[in-house]
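A, B, C and D are the chain letters, set down in written order, and residue numbers restart from 1 in every chain.
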């Protein structure tokens, strides 16, 4: 399964990446599982770890950790929004 | 005691007066008493009678019937306002 | 803080700009513009063709200034502006402008709505609608009293 | 009904006029303008010197359109307009415009405040303040979550 992952704002700066394309193991099928998978890279990626205030979107809709992730999805992680 | 009385909107049209200057009997010292005094003229002036929806101001502040009326005051009677 | 009662139209963009001009502490400007609607008349196919606004010169300005002052006591405001027109107005034309500047949006929204609700029940304006059957005074709405009543302090 | 996400400034007067242009059924236009404040920074005498707004192109427009559509389902609206800027902005400059046209003021005010509250918590924008000590991301405010929570339907 191949997906695109985007990072924004402080998370983008911390990770040093604005986006990446990933081939995921078959057992990673939710946003929460993807996030844990990324955090397990260690180092700066712990910014995605449990307890960090990170929001997610799949295909440009904000979602919770239980949301499914499918092939070719666009998944984004970012801090709570501060527009307006 | 001499006062000026103003009438506005539908009340002005009904009465046929926009204003008048009145010399009041000494026993008329409140807005409510003045209103009854005017209504007792009969005819179109019954538009100021009890039960009619009329508001009052003394010296350009909206007041209730208990408000005092003093020499040289400007008293106004009008229907409920409909601006905005 | 300023109030105008006038026959002339107003420029909403210029009024909004003036509320934050030359300062850097305004984070929020909430505004309201009221316009003449061509409402259908009950019991006929006709619509309102124009509206004439009468007011009580002197008291109008005093009432609007008092409403503005009360809003300034209730909320943190950096500027307020009230403009109300009188005279003959056509459907689509502007009647009233209320603009409120504040550091924060909550105060700006609340104060703007408060001013409109109080204006509707306390400022001495009266509307008369021109219809094909002649002039007809607009009745006060109980909903406006209820809206103003929401702001009563316990 | 229209949404713009842009670097360019906007003309509030023209946007307000467009919300009732050519129609005679709009009685109320409620608007909000958000601006950059030169807030004092905690623990220093310095102030915010500029702000850079980052956003998520594509999702931003989608989120704003969804908020606008939800407002249109909750209230009787005749037009809505949302403009949100991104890029570098200075204190006093405009960030966001929300305008809502309705027959009646109650719906216009409620929908305008609803859109702002939802925009603050659901639209993917992030602010970074320029300070003499460098860039600093703005933290989300719990008060904004609480404001958006008010509109939850039971």
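Methods note: contacts are C-beta pairs under 8 Å (C-beta built on N, C-alpha and C of every residue); 3 or more make two chains touch, one makes a residue touch a chain.
Computed from a predicted structure; not experimentally measured.
Path length between chain A and chain C in the touching-chain graph (shortest route): 2.
Distance between chain A and chain D, defined via averaged C-alpha coordinates, is recorded as 26 Å. Centroid to centroid, with C-alpha atoms defining each point, chain B and chain D lie 48 Å apart. Centroids built from CA atoms put chain D at 23 Å from chain C. Residue positions of chain C touching 2 or more other chains: 34, 105, 116. Looking at chain B, one finds that residues 84 touch two or more other chains. A complete list of chain pairs in contact reads A-D, B-C, C-D. Residues of chain A that touch chain D in their complex: 6, 8-10, 53, 57, 60-62, 76, 78-84.
Those residues of chain C that touch chain B in the complex are listed here as 34, 53-56, 58-59, 62-63, 84, 95-96, 116, 119-128, 137-141, 144. By the touch criterion given at the top, residues 11-14, 16-17, 20, 22-38, 47, 91-92, 103, 105-106, 108-109, 112-113, 116, 147 of chain D touch chain C in their complex.
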